[in-house]
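A, B and C are the chain letters, set down in written order, and residue numbers restart from 1 in every chain.
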Amino acid sequence: MFGEHAGFIIPSYIISFCAISGMAIFIMAQYKSRKQELKRLEEAGVKRRASND
Amino acid sequence: MSSETIKPSIWAFANPTRFMGFANKAIPVLVIITFLLLAVGLWLSFIAPEDYQQGYTVLIMFIHVPAAWLAMMTYSVMSISAIGTIVWRHPLADVSLRSAAPLGAMFTILALATGSLWGKPMWGTWWEWDARMTSVLVLLIIYLGLIALSKAFDEPSEAALPLAVMTLTGFAIIPIIKFSVDWWNTLHQPASVSRLDKPAMGPEFLYPLLIMALAYMAIFFTLHMMAMRNEILNRRIRTMKMSAARKQSVTIPNEGAT
Amino acid sequence: MTALLKREILLSIRAGGSALTGVLFFLAVVSVFPFAVGPDTKLLSHLAPAILWIGALLASLLGLDRLFAQEREDGSLDMLVMQSHPLALTIFVKALAHWIMTGLPLVLATPLFGVMLNLSPLGIGATMITLLAGTPAISFIGAVGAAVSVKLPRGGMLISVLVLPLVIPVLIFGVAAITGALEDPAPFTAPFLFVCAITLFTSVLGPLAASIMLRHSAD
């Protein structure tokens, strides 16, 4: 397809795609786990601001 | 109110809750804009004609140059955030600085990697110690150093000012590295970079490049906002865990440490 | 301020001759190069300016983590912050003392190592002048790194990682100036003036940034 340099063009697109989508997936997974953690803590009865001691 | 007195810098000055509300609304919109720009940019890139000098390798330019621009822009965003931390001690500024650093490192690595893949067929070498590439490598080291610094403190809020001061110090040196291009080239004289910059670009290359740059910017702002949201949640969890631990240590003193 | 300078220098002499340690480290770095590169005199004399600069760079990083550590430990850091002199001026003097104890001895030791590396007299002179003009910048930038990591228990490595990329411009122009002095078409004055400019620039900005940092960590 991309002439004689396809071996350089395609990897550079693959690398960029993998890095950016990897970063996005990581951030989304982190968001999910943070949300769960927050929920778990709230269900355990921890208040966000420690005004109760 | 004990946690308020111990950690006033986190919650007293700004309104992260309002930011969270804004982010939750803005992120879906940003995602849509990002995908639209990416689709248009990639489409324009792939219908762009073959360059008479570079052949199809111009295709690499459409992802290499935006990555390099974003590597610099991210540092500017971090520096502005650093000013926010130093002048106003605004916690959101610290959150912004901290979440931007890994993204900046990612764009810098992408710029270096795609540049390397472009350099091999065009100049016959993966790596050249010329001023442009070396200064970008230094930028990467600065990013990684800042990430290391942000993780080095036990108490995240204590890292805010050191990070900001170090970020700004790094920014003061970046133009100096950039100016060194002329000086260093007189020694090493790689025809490479100047050849890359010189061709006055035709519109058939310029438009896809600009749209791709916009798309990369959209990627950055989307991921940055998402990372900031994570960081705020992180701090909430931290505060809650600390107050939980403190409560526990009041009732059962011996288990307070666990 | 001269009193503070005297006190700083006396303290570091009493602390075990950091000047001597710095020069010894410099010697160690310089003598490692011939082992790595091979005892080719021609090649070594070609590399000599770079070797001397790298050695000076690494040796100047030594002891940076101690710049404020002692004040931090005995609590006199708060006194420094609260005294009537501007804090930035105090830090300037401390960085200057650090340079006198680590940078200046290296400059003075350069002729010896230059001869060992088969450097021409002109090259030795150029190296000494550029080191004299350039190494203060390392101390001034290093003061920022030291202030940033003053609260870190294990900050020593981190200082080097943070400070080294920032002193690369000094290295570039320093070595460029020496090359300019030795080889004909390349200019000497322009890169040398750049070295001087960086040193002057950092002598103001470095202490200012460090003072912001220290004032924060004191309260």
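Keep in mind that, in the parts below, a residue touches a chain if its C-beta (ideal position, glycine included) is under 8 Å from a C-beta of that chain, and two chains touch if they have at least 3 such contacts.
Just so we're clear, the structure is a prediction, and the values are computed from it rather than from any experiment.
Of all the chains, the one whose CA centre sits at the greatest distance from that of subunit A is C. With centres taken as mean CA coordinates, the chain nearest to the overall protein centre is B. When C-beta pairs in contact are tallied for every pair of chains, the largest tally goes to A-B.
Centre-to-centre separation between subunit B and subunit C, using Cα means, comes to 30 Å.
Look at where the CA atoms of subunit A average out and do the same for subunit C: the two points lie 41 Å apart. Distance from the subunit A centre to the subunit B centre is 15 Å, each centre being the mean of its Cα atoms. Chain contacts: subunit C has no residue touching two or more partner chains. Looking at the complex, you find that subunit C touches subunit B at residues 141, 144-145, 147-149, 151-152, 154-155, 158, 161-162, 164-166, 168-169, 172-173, 176, 179, 186-187, 190-191, 194, 198, 205-206, 209-210, 212-213, 216-217. Those residues of subunit B lying in contact with subunit A across their complex are 1-4, 11, 50, 55-57, 59-60, 63-64, 67, 102-103, 106, 109-110, 113-114, 117-118, 120-121, 219, 222-223, 226-227, 229-230, 233-234, 236-237, 239-244, 246-247, 250. Subunit A makes touch with subunit B in their complex at residues 2-6, 8-9, 11-13, 15-16, 19-20, 23-24, 27-28, 30-31, 34-35, 37-38, 41-42, 44, 46-53. Interface residues of subunit B, counted against subunit C in their complex, comprise 86, 138, 141-142, 144-146, 148-149, 152-153, 158, 161-162, 165-166, 168-170, 172-173, 176-177, 180, 183-184, 186-187.
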